[in-house]
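Please read through the structure below; I'll follow up with questions.
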Amino acid sequence: MNAVQSLAHFIPESILIVTGFLILVLDLFSKPKRWLGWLALAGTTGALAYAAATIPGNTLPLFYGYFTIDPFSVFFRITALVIITVTILMALAHKGTPPKQEGELYALLAFIGTGLILMAASTNLLMIFISIEFVSLTSYILAGFEKHEGASNEASLKYLLFGSVASATMLYGMSLLFGLTGSVELNGIRDALAGCGNTGPLLLIAMALLFVGLSFKISAAPFHMWAPDVYTGAPTPIAGFLTVGPKAMGFAILLRVLFIALPALQKEWSSLFAVLSALTMTVGNIAAVSQTNIKRLLAYSSIAQAGYILMGIAAANAIGLEGILFYIAAYALTNLGAFTIVIVVVNQSKSEEISSFAGLAKRSPFIAASLAVFFVSLAGIPPLAGYFGKVLVFAGVIEQKLVALAVIAAVNSAIAAFYYFKVVKEMYLTEPADSVPAERPFPAVLATAIAFLAIAAIGIFPAPLLHWASRSLIF
Amino acid sequence: MTPIPLNHFVIFSLFLFSIGLYGTLTRRNVIGILMGIELMLNAANINLIAFSRYISPNPETGQIFVIFVIVLAACAAAVGLAIVLAMYQNRKTVQAEDIHILKW
Amino acid sequence: MAYAYLIPVFPFIAFLIIIFNGKRLKHQSAAIAIGGSLLAAAVSTVVILNTLKGATYSHTFEWIRIGTFSLNFGILIDPLTAMMLFVVTYVGSMIFIYSVGYMHEDPRFSRFFAYLSLFMASMLGLVLSSHYVQLFIFWELVGLCSYFLIGFWFEKPSAAKAGMKAFITTKIGDVGFLIGLFLLFTCAGTLQFKDFTPEFLAAKTQAGGGLFALAAILIFAGACGKSAQFPLHVWLPDAMEGPTPVSALIHAATMVAAGVYLVARSFVLFAQFPQALEVVAVIGTITAFMAAFIALTATDIKKVLAYSTISQLGYMMAALGLGGFSAGTFHLMTHAFFKALLFLGAGSVIHGTQTQDLREMGGLFPRMKITSLTFLVAALAISGVPPLSGFFSKDEILLTAYESGSRVIFLILLVTSFMTAFYMFRLFVLAFLGKPRKKIHAHESPAVMTVPLSVLALFSAVLGIPGSPYWNHWFQGFIHGGHAQEIHVNLFVVKCSVAAAFSGIALAVILYRFLPKVPEWLAKIFKPLYLVSYNKFWLDELYQLIFIGPFKKISQLLFRFDAVIVDGAVNQSAVQTVNLSALKNWFDQHIVDGTVNGVAWITQRMSRILRKLQTGLIQNYLLILLLGLLFTIVIGFYR
Amino acid sequence: MSTLSLIIFLPVLGMIGVLLTPKTEVQAIRRIATIVSAVVCALCTFLLFRFTASQPGMQFVEKIAWIPQINVFYHLGVDGISVPMIFITGLLSLLACVASYGIKERVKEYFALYLLLETGMLGTFCALDLFLFYVFWEVVLVPMYFLIGIWGGPRKEYAAIKFFLYTLAGSIFMLLGILALYFASTPHTFDITVLSVNHAFALGFQKLVFLALFLGFAIKVPIWPFHTWLPDAHVEAPTPISVLLAGILLKMGTYGFFRISYPILPDAARWFGIYMAILAVIGIVYGGFVSLAQTDFKKMIAYSSVSHMGFVLLGLAVFNYSGFDGALLQMFNHGTITGGLFLLVGVLYDRTHTRDLSSFGGLGARIPVYAGMLTVFSLASLGLPGLSGFVGEFLTLLGSFVTYRWAAAVSCLGVVLAACYLLWMIQRVLLGPLNIQWKSIAEINRRELFTLIPLLVIIVFVGIFPQVILNLFGPTTHALVNALGGISQ
Amino acid sequence: MEILYFFAKTGFYATALVTLAAAILVVTLRNLFHCALALILSLLGVAVTYLYLKAEFLAIIQILLYIGAIMTLLIFAIMLTHRLTDRSVSQTNRQSLPAFALLAVFNIFFIASLAAVPWKINSASLAAKIDTQALGAFLMGPYVFPFEIISIVLIIALVGAVILGRTDQ
């Protein structure tokens, strides 16, 4: 489809881009900047509404195939828009953004939303690289947004360095893949590989190099080392965003690469991801156990969650893939909800230590209950959304008879429950230091409510989402 | 005429890549690390162009890819230096070993 | 005789009325209890009269049915049942009446009668049972009542302990009983009494069920517990902590006889397997002798009677074990009356003197004439002085022993008979004759106590007659279901028996009435023997040493095992190691305060290692990235 | 809404009601919770009477597609195995609710969680879909964590997290087993009734799945050596929660064997029978010995549960009519008896604030009604004939004797030990000279009696007329035994 | 002609050697300023390599854009580190040995694998001539979308650099 025709299907992204530029412009003339956030919110909501209302049933290779709208990318497009909407709400609730820079923050968030969708809609190596760099570059900036905070600087810098090395490595892998197959189109790569049948060892090296970049994006061990530091140092709303947004889209790309371009190597990569999955969840969970900083705990938790999602890839069967999509949606909502609560609490206590959650249940029962529900969902306890995601990926693994992985994951789930409940314990079982109820900014309440209701609804009626996920598996 | 064998380009780029990676791993200075990254990107670029020329049915693919890579590298350099600058303002250091308040 | 089920119902109703209205009823509860027992006695009388005419009755209903397996409970009335009914209702009623006087002052008067009624109901239920499991149920219930009544004065720690000891000791026997029942059931496929006929057993044995003897012996274990047979007899002397009427009713006349009843009831089974019978005989003989030997030196009036009871129960067991079905049951009946009488007499003495120590008594005869006389009757009866009841029943046992061919058992039983006479009269002399050894304000008990004494004395005196040659051994025929038994009188045995009785009496009277120094002197000469007797063969101590102590040890050990090993071996060892290091604080904070099992500990440990990797230095991260890359490649290659 | 759904979700409605009530309105909150529990209890009783015992199949079936993509159904139904459990759950929930009036802190949260717990428990016993079963199974977990953790004793946090993690770890393995079953079946299904009929799984597979499920169930029961969470949880939990824990939660484990492991994995079940019997016997004897060593009243009862649940397991291990019936009956009985004992411990603890057995003594004279109650429940617990405990133990032992003579024989030691520790407990609490400290201790009050009398009635009734309840589940268990190829005796 | 090719080939290998040598200097020299110079040399070498691959436009881009960017880098480096570079401490950290070892392993793997690769040389492409005009047409044609996206990225980078880089007291 040519560029002009394509624009008709590019409206949600256009809305975001226009919103971004509009904010950048308005920012110059406006002293109070808060309303710009609401403007951004309006933009993302509008984009979301439009995207949700116009779901094309077939595959649309927009812009000469550089932006593919298919059920798969639609799923991630809507996920991305939800993520970015909630992130803007979080940013609105967060205290600590330098007032001067607020406008740019919302603009960047609007832009990064576009970047996320690009990632999901990329079907060739070029667009994959560009969109990843798009999101990464914006993320580097966002992570360092509170530039007077040493931690924020450091997070940003580490993210940049690690991200750039990973990107360069990935690019090197891409170049080899290009050389081995003569194509940058995922379809072309598949055809080339299917044709030759004999997959040389260099292909494996290329694949490994490529996976470095993708694994960096989804923070799979051992390419996760940046994640805890960055999530801890970045401003909380950004940290929340980073744990879900780029990760979710990273999975989207990974799925496309694996299932479109590299089905010929399925044996190789499925066992590779089985190992990475086990390693990732184990590392994430075990490291999380001894954390005392809530953001850091959530950072490791999000690493572990990536490990669970990888189980679906290791399984590489229908239910596992449905599980991945389902898991990503559920996990995104839950984690964003949890970070929202962290914002609320940290706004007041100024401390990110878990001890600042002490007795929260008495001070602000609703907030505490919400966080408890989020953690229960993350721990995979029914009947909440997180549970069903976990069941599906477990199911995928079991169907493939990867018993060892299943057992490792089971043990990990128990370990995970321990640290999630460490926080729950702090909220419910420990006496509060004071009885001042936490301040509840409206955007935070809204974000929490969205997350809460969504995960409860998905938990009790998982069928629609599952249905959607299974329908979205058409690349 | 016999063109230069493709493998020679690949090996050349491999070495360049390795040297760049080595630099990122060992330079104490953040700017040094960034330089290493540039070398790695260039290595990839050589590959892309070489393969584009030798293998791809669409010989422009690699070149255009490289153009985008170079632009993105420039963007990354800009952002990276901005971050380094912000860092330097706060912490008065650009030594990688001093950047470790975030750990564990 | 369909109304027979009413027999246990009356006392049970009495129990229900009293237990729920105890506070309101106060002393009226005695009337209700006595009413219950008398009604039971009345109905029993009708039943017994019917039985005497040769009628039997059985009725069953289904209690539990699981698939093809069912437990059909019901009522079985045959001569043996009739005899037991007679004993239980008559002796029981007398003791109920007696208790009104004895317990008059007690604050838990009504509670006492409630328990007594419950016991009566359970005991009657036991007697009427037509099925082993049904019997077992009532068997346990009488045990429970015994537990309650022994510990009736539970403020006394010794009483509370005695109750527990009784319950647990008998429970051990009961477990044997229960396993025996299971075994019997698996062998025979039924547990109905009436199914066990010699033909049936013979058929089953032929078919290959060879475990019957073991089942019988295990059932006998239950009887051992209940009837205080060696080695489970240790609870009975302690059970004397209960009020004396309880001792009389439960621990002399009825409940302890239930073991004998059980063996008698299962006699067909035992008779089929000589090995089982042998065990019964040997245990009975040992018990008879041992208990009598201990009784020689006991100084507590009730303890003497308790050992005497054990000894007499051993006698009965021995009789059954030697094949003397009628001899054993006959002695059961006569013993119930005279032993109840003895206990009640002793109770009267205790009531009158407020002491149980023989060494403090003496010279009660003039002050407690009725008590003394009735006691004398009972003592003569138990000693086997003709023509009182005990003579005939005991004589038959000795005859059985003699004819069984086992001379050793015969001799031992004979010696036991001698000792019985001796310690009985030692007791009688010490308590009633001579001069008071201490200032005690003895007085005769009220009529409500002495009248039952007199009635029981009457029975004790004449109850031997139905089984005597004068009635042509009518009782023996009756108990065998109307088949007249050929029993020839063996004059040698009679002579021996009479000689033993009289010599025992004479020796006791001489030693304790006229030569009071000699017993002490004898005790010194035969010091080892004396000590053995006085310390009851050290069995309590032995049990403490080999059972109770180790059990407690095991339980403590297992508890510690549970806390230490099962509950996180790693964890605990971790505590130890970590205590040594400076990590203690960390440990307390994270482990003791958070989690505590081994997995958690390992997790924490690994967590720390992982934290070490997370140095915060970006280049370390990058190095790991490179490692990861190689790792990935290697996995790809060597998948 | 149909009966079962109503039973299951009424508590949730009640929870919402409680949540909507201001937290200062303590009376109203209690009233809502009590009324809801009472209605549920009434419905459970209704269910008990409307249930047609002679039919072995499922009744009151409800089946609605829940997650059609993976064949998950909201599938409820009851048979003879679940009906008694549902009944006792309804009953104990009501009684424990009344017993919860003693809770003074954070009442609103308490009752909200309490009602959620009730839903989970009832749901577990009604679910006929493995997926649904697992959901309800886990729903029990979270409220329980809070109920122990917030309202528990001094070491509540430790006990709560230990309970939580231990059970969770087990149940995740159970989930793996469930998923394996799903994939092994063709067409893929979670339906317990379908899986039970259609079992052509290979033995190796069965064993593996059985082990996975076993881990989940065994921890819940708890089977030795997975029991160590139990004493801690019991000791720290508030009285009503201990009641539910002992009375119902433990049964969920053994129920799982009856409902899932056995019908679906018959070959593995038979293969593991002997090992289960061994564990059962160890549990019985071990629990008895360890109970004997306790000085803490509650801990003693807790360990006695290990012993008593051992009997259930023993009955389960023997594959014959009397074994299974005995096991089920023992489950039912243990619920009533141990529930009652925990209530009684609570009554005493409320008055004395100690559970140290050595600090009591002679209370029998001071509070005779309480003493009577404690005695009767203890006697029932030690298996006195005439009370319900005996029948269960008897049938279990009888059944096990048929299959494993040695197991039955050794287990009898547990019977003796039960007598030892319970009577010793009675002696230390009720008998002996009165400890002067408690000379003005108050007699058990009417509310507390209300919580005990129904249990007492059941204990006596079942003790005397066991056939009534045996009829209830007999046809179902016998059908199960037949399906397992066990001995029809 | 042959000799010309020979020189051309030799020229390529010489360029490659120089490039690699310069790259090694980049990662080993102590003085950051010297490193930057070496980097320029190295990038120039890459540009020459592009010429060998008949990508003249790319070579120009490489020189203009890359060297431009590097100049910026250089300026910042000097600006920020003129005090730091004088330190006589090593500019490499303690990881050099493991890094070297791991990279050596990687290279061995790589080269070993490389030998086995049957490159499918496309002679049509080899012969094809891609001039600047054609590239421009491609960029404005099928590649317009990535091109537009890149422009957004550039703006973002610009905004980001401004936000993070500006000093606002």
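For clarity, chains are labelled A, B, C, D and E in written order, and residue numbers in each chain start from 1.
The rule is simple: contacts are C-beta pairs under 8 Å (C-beta built on N, C-alpha and C of every residue); 3 or more make two chains touch, one makes a residue touch a chain.
Owing to the predicted nature of the structure, the values given are computational and were not obtained by experimental measurement.
Asks: Where each step is a move between two chains that touch, what is the least number of such steps from chain A to chain C?
Replies: So the least number of steps between the two chains is 1.
Asks: Considering only chains that satisfy the touch condition with chain C, which of them also satisfy it with chain E?
Replies: Correct list: A, B.
Asks: Count the C-beta pairs in contact for every pair of chains, then give the pair with the highest total.
Replies: Greatest count of contact pairs is found between chains B-E.
Asks: Farthest from chain D in C-alpha centre terms, which chain would that be?
Replies: E
Asks: Which chain's C-alpha centroid is most distant from that of chain B?
Replies: Comparing chain centres, C lies farthest from chain B.
Asks: Can you figure out the chain closest to the middle, judged by Cα centres?
Replies: The most central chain, going by mean C-alpha position, is D.
Asks: Using mean CA coordinates as chain centres, what's the gap between chain A and chain E in Å?
Replies: About 32 Å, centre to centre.
Asks: Can you work out the whole-Å distance between the CA centroids of chain B and chain D?
Replies: It comes to 65 Å between the two C-alpha centres.
Asks: Using CA atom averages as chain centres, what separation in Å is found between chain B and chain E?
Replies: Distance between chain centres, rounded to whole Å: 6 Å.
Asks: Using the average of all C-alpha atoms in each chain as its centre, how far is it in Å between chain A and chain B?
Replies: 26
Asks: Quick check on chain A: which residues sit in contact with 2+ other chains?
Replies: Those would be 126, 130, 133, 137, 140-141, 144, 147, 156-158, 161, 165, 169, 179, 182, 201, 204-205, 228-229, 411, 414, 418.
Asks: Please list all residues of chain B that touch 2 or more other chains.
Replies: 6, 10, 20-21, 24-26, 33-34, 45, 50, 52, 54-57, 64, 68, 72, 75-76, 79, 83-84, 86, 89, 96-97, 99-104
Asks: Two or more other chains touching the same residue: where does that happen in chain C?
Replies: Chain C, residues with two or more chain partners: 594-595, 599-600, 611, 614, 616, 618-620, 622-623, 626-627, 629, 633.
Asks: Provide the full list of chain pairs in touch.
Replies: Pairs satisfying the touch definition: A-B, A-C, A-D, A-E, B-C, B-E, C-D, C-E.
Asks: Please name which positions on chain B make contact with chain E in the complex.
Replies: 1-4, 6-12, 14-16, 18-23, 25-29, 31-32, 34-36, 38-39, 42, 45-46, 49-50, 52-60, 63-64, 66-68, 70-79, 81-86, 88-89, 94-97
Asks: Per the contact definition, I'd like the list of chain A residues that touch chain D in the complex.
Replies: Contact set of chain A toward chain D: 319, 322, 361, 365, 376, 379, 381-383, 387-388, 391-392, 394-395, 398-399, 403, 406-407, 410-411, 413-414, 417-418, 421, 424-425, 428-429, 462-463, 466-467, 470.
Asks: Under the touch definition given earlier, write down the residues of chain A that touch chain E in their complex.
Replies: For chain A paired with chain E, touching residues are 3, 6, 17, 24, 62-64, 66-67, 100-101, 104, 107-108, 111, 114, 118, 126-127, 130-131, 133-134, 137-138, 140-141, 144-145, 147, 156, 179-180, 182, 200-202, 204-205.
Asks: How about chain B: which of its residues touch chain C in the complex?
Replies: Per the touch definition, chain B meets chain C at residues 21, 24-26, 33, 96-97, 99-104.
Asks: Show which residues of chain B lie in contact with chain A when the two form their complex.
Replies: 6, 10, 13, 17, 20-21, 24, 30, 33-34, 37, 40-41, 43-45, 47-48, 50-52, 54-57, 61-62, 64-65, 68-69, 72, 75-76, 79-80, 83-84, 86-87, 89-91, 96, 99-104
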